[in-house]
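Some structures to go through are shown next.
In what comes next, subunit A is part of two complexes: it sits with subunit B in the first one and with subunit C in the second one.
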Partner chain A sequence: MRARIKVIRMNEIKAKLKALLKNAELDLVIGYGERKIPTSDGSEITGICPLFVTRESGIDGLVWNRHCVHNLVTYLTKKEYKDYKKIAIFVKPCDLKAIYVLCQENQIDRQRLLIIGLACNGMIREKMGISTKELAGKCITCRESSEGAVARCQKEHTDLMIESTPEGSIPSSSEKKALTLEDLEKMSGADRWAFWQKQFQKCLRCYACRAVCPLCYCEQCVCDMSQPQWIEKSPHLKGNFLFHLVRAFHLTGRCIGCGECERVCPMGLPLTLLNQKMIKEVKDLYDYESGKDPEQAPVLSQFRVDDDESFIK
Partner chain B sequence: MDTLISKKDLDRIIDSIVETCQVFAPVNQEGIKLFQEIQSKDQIIWADGNCHRSVKEIFFPITEPIFFYKKTRLGVKIDPIQNHNKKRVLIGIRPCDAFALYVMDQVFTWDYNDELYLALRKNTVIIGLSCVRPEPFCFCTATNISPFEERGSDILLTDLGNGMYHSRIITEKGTAFTERFKKYFKEITPEQELKKEALANTVISKMPAPFPIADIKSWLDRNFGHPIWEELGLGCIGCGTCTYLCPTCHCFDLTDENRGYSGQRRRNWDSCAFDHFTKMAAHQPRTFQWQRFRQRVMHKFKYYMDKFSHLACVGCGRCRALCPVGKDIYQVIRAIQKETNCQNQNLKGAKKGK
Partner chain C sequence: MEKTIDQACRSLKDELGKDKEWRPNIIAFLCNWCSYAGADLAGTSRLKYNSNVRLIRVPCSGKVDPLFILRAFADGADGVLVSGCHPGDCHYSTGNYFARRKFALLKRLLEFCGLDERRIHFSWVSAAEGGKWSKVVNETVEAVHKAGPFKGLEPHEGSDKGDKDE
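What follows is the complex of A and B.
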């Protein structure tokens, strides 16, 4: 199954997947599908949503274009998809890193997966369900690409690949420049505190950030516990601060920066700023980047004799 | 009673009421549109489009203390929360959100009169604003209400253009409110009445056709175990976006926040999309996410119909627009509609066969 064939076109991938499904070498394909959305004025707009295919006939519905923003890896650890023996999954370079971390943490069995790598040079932002002409927020902060650069999946870790980037021109960055980590670091402590207070005030605690995160796979989240209640469940400022900071800590050294949390937040909280900060700290302290290599040991759960111990006094 | 009011006079009224009551209106809050208390008319965003979060939070806050407690040697001392008694006015609320309050009233007065909610409802005058330009994801007409819906509002304003608003007083509360400002409400001409009617007809004619509610309800009655549910719920990631943005979702959780010997009990929103929503010590009746997805649809289109004889979906479109994975309740109901058509045809066929 892990033939590691380089395939360039979507058609060839589809033929291959059909054959695998037919021979029962594959049970489920998680990819992207188009959906027609009827709007209030009688017209239709086209959107992209995750598509789950178990039968040959469904394969033709698979698409790959500039609207495929979702990180499908999040489904791999969800209960509903655990019973499938062989799963084919479409991953962008950023999504693939999540698979690496899940492998490192023994959450998924690589043998169960047929990874279809995609090449990406930027996805389109959606605003209130309608696609814009701008670059998605997650792509602005993408570690792989400066504007226009193509990010590719590591060949040795994918089984099939689409080497071409999606059709159409690269979306332009947002006109209104979003706050960057550098801007945030330049702020005084008081300003930063005020900034986050304003942001967390809006949080609903709908936990969309947690639900969509491929690495938030705990069956029991500490934030849901009531006996004892470690973190206030109430969505007041204090509870919200605790939730988001605890989440940032739990993702330290693990977050691969796919930006899904920020994309799905219905209140538009700039959540990736927290994660980027932790990514930076880990890089500075341990020279470690999560999701770089599935073979490496997770940074915060390994011990090395030459680890810096100067902080122990 | 129908009258006409100019934007300028409306502004004068708002300036006057902000001094005596709490006034809530759509404002821009850190880049998103929310209902917030305002100090001046200039903060209000009149432009089309619904607020990001529904207006339910003004009556049923996302988190609120119910009582405070203190353990002493003599026992537990409880300090209840004082009922809200400030006069409040809500301006610019969309008809779907206003109707949603009417829907929520049913549940909050059903087996128990929810004092906190009802006190806030009683003290609040609701000034609705018709939607002359519905947003792409709106489908209120499908749920049998309209962008010009009156139920739920005390006064309904309709923008006729040229800085004039058609104003219809719907309830006694509305009449009492306008009493003070009688001089601003001008008599309306038959032409302007006609203009409003024409406007409403044009807007509504483009909107989606109503769901066949009776058919859908009867299908839901019979098909709790239908295999389509697993398909419809596929891909739902189990976040609370749909329920928390929904103007009629009203489930809540109670939680104690304790500090040593004292603390408070709070009421927080809860969501049927979460796996711990139905988790009990011995059993989890909804093991899979599609079962939770089914619950939300069933609650809106069946259970609420059973209890209160109308839908608990007002077609505001928030859940459709902001679902992280494109789950769409409108399309779910249309899919069920297709199923009902198939079943009806089968029934007809079966009868003919006899």
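What follows is the complex of A and C.
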């Protein structure tokens, strides 16, 4: 059994991480840091970016505030970080679910990780690296869910935890109401087809959504294959349609709804709608929620003899 | 025999193109052990059914990656049919149980994207059900015929037009 986790403050965490790095008990810390972004009028604004620390001196650069919207779990499966033996990582409750899924799929070794949970009650939406004044889309869904306004890190799976929520009030939701899943479900099939065609046509195939996704870790993606070429690579409707549907299907029963794909999309495709739809269907059909338990089997790797087959002749 | 989904679509299109009237172009994925044998039985029993279906034999319905189905639509199929062994009869014991979950979710995903549900069909056909196979094909052809030609992914034409019904 795991010992009860310690709840401590940011400066205590920093001191602890410094000591661990000094004693070589830790090789890498993945957290949030500040960076300067030049603006068009020549001035600079401060933004947040992922910060990778391997030396004691870098620890002071770590920050935790309302702009820490990134999901850092995505770096854990990238080959650049595979050689680090012990990694400390900062995770919000929603990001933690991605670690659970990676554990389920045997992609990471829990023993290599020092998970530092962050208490989060809403992040600010970011647009092309610049922060807005609104609540991030994923936080709206999270806050409306049964988990409550202040989402808590599941205590049994974090090693350390910062329980102070970021300073300042929770930002308000966007005034312009975005298209929701319910709106789309109410449309007729033909209207939905037209909607998605319009969206898919915008796609540039920059694959930012794939790069940022914590659960897209295949060493060779089917979208990059050329012998045989399953999916056309040029950014045209046919290939885009295949790419986005394959992406949505590969995340079916796995997506934890962190919304990173939509955040990084330069063309503003509402990708989380596809993911949310599949999360809903998986829950509806198989009563399964991804990222709930690191020990359960993935939904498509299990079956029940009495699964629904009303659609099969 | 065609080697790829693309070739199957093209050869079927060429053949159907000779007819004056439009006939739906349907790609069917059949499991080797039940449905393919069932289709064979339909043939040896001299059962008549619509000929505008191209069969692609796969080891198991569990082998049918959703990508195969999507690719068939991208290659110009008007409808897709997937057929495997009845639950409990799978040659690999459980392949069709896993397939069933994938297909249920894929069907919902495609419907959410607005694809006409009459274009995608699933069935369980055993090696002894030649009659059921011909019935399933005829029903599928009829449904896809009603849905009309699938033009949703054609370049230049596709934008903002939608998958028009009828």
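What we mean here is this: the second predicted complex is superposed on the first by the 288 of 313 C-alpha atoms of A that agree within 3 Å, B and C clash if a C-alpha of one lies under 4 Å from a C-alpha of the other, contacts with A are read in each partner's own complex, and residues count from 1 in each chain.
Just so it is clear, a contact is a pair of C-beta atoms (placed from the backbone, for glycine too) under 8 Å apart; a residue touches a chain by one contact, two chains touch by 3 or more.
Owing to the predicted nature of the structure, the values given are computational and were not obtained by experimental measurement.
Trainee: Just checking: does A:236 make contact with subunit B only, subunit C only, both, or neither of them? Give me first, second, both or neither.
Mentor: Both partners, subunit B and subunit C.
Trainee: Looking at the overlay, does A:60 come into contact with subunit B only (first), subunit C only (second), both, or neither?
Mentor: In the superposition, A:60 contacts neither subunit B nor subunit C.
Trainee: Does the superposition put A:25 against subunit B (first), subunit C (second), both, or neither?
Mentor: After superposition on chain A, A:25 lies in contact with neither partner.
Trainee: Just checking: does A:47 make contact with subunit B only, subunit C only, both, or neither of them? Give me first, second, both or neither.
Mentor: Touch status of A:47: first partner only.
Trainee: Looking at the overlay, what does A:198 touch: subunit B (first), subunit C (second), both, or neither?
Mentor: both
Trainee: Which of the two partners, first being subunit B and second being subunit C, lies in contact with A:277: first, second, both, or neither?
Mentor: second
Trainee: Per the contact definition in the header, classify A:183: touching subunit B only (first), subunit C only (second), both, or neither.
Mentor: neither
Trainee: Would you mind listing the overlap between the subunit B footprint and the subunit C footprint on subunit A?
Mentor: Touching subunit B in the first complex and subunit C in the second, residues 198, 232, 236, 239 of subunit A appear in both lists.
Trainee: If you look only at subunit B, which of its residues touch subunit A in the complex?
Mentor: Going by the criterion above, the answer is residues 29-32, 34, 52-53, 62-63, 134-139, 206-208, 234-235, 237-241, 243-245, 253, 255-258, 266, 268-269, 271, 274, 276, 287-290, 317, 320-322, 324-328, 330-331, 334.
Trainee: If we count contacts the way the header does, which residues on subunit A are in touch with subunit C in the complex?
Mentor: Those in contact with subunit C are residues 184-185, 187, 189-198, 201, 222, 228, 230-232, 236-239, 241-242, 245-246, 248-249, 252-253, 274, 277-278, 281-282, 285-286, 299-301, 303, 305, 307-309, 311-313.
Trainee: Which of the residues in subunit C come into contact with subunit A in the complex?
Mentor: Interface residues on subunit C, with respect to subunit A: 4, 66-67, 70-71, 74, 87-88, 94, 97-98, 100-117, 121-124, 136, 139, 152-153, 155, 158-165.
Trainee: For a test of understanding, state which residues of subunit A touch subunit B in their complex under the given definition.
Mentor: On the subunit A side, the touching residues are 35, 37-42, 45, 47-50, 52, 70, 74-75, 78-80, 128-130, 198-199, 202, 204-208, 210-212, 224, 226, 229, 232-236, 239, 260, 263-264, 266-268.
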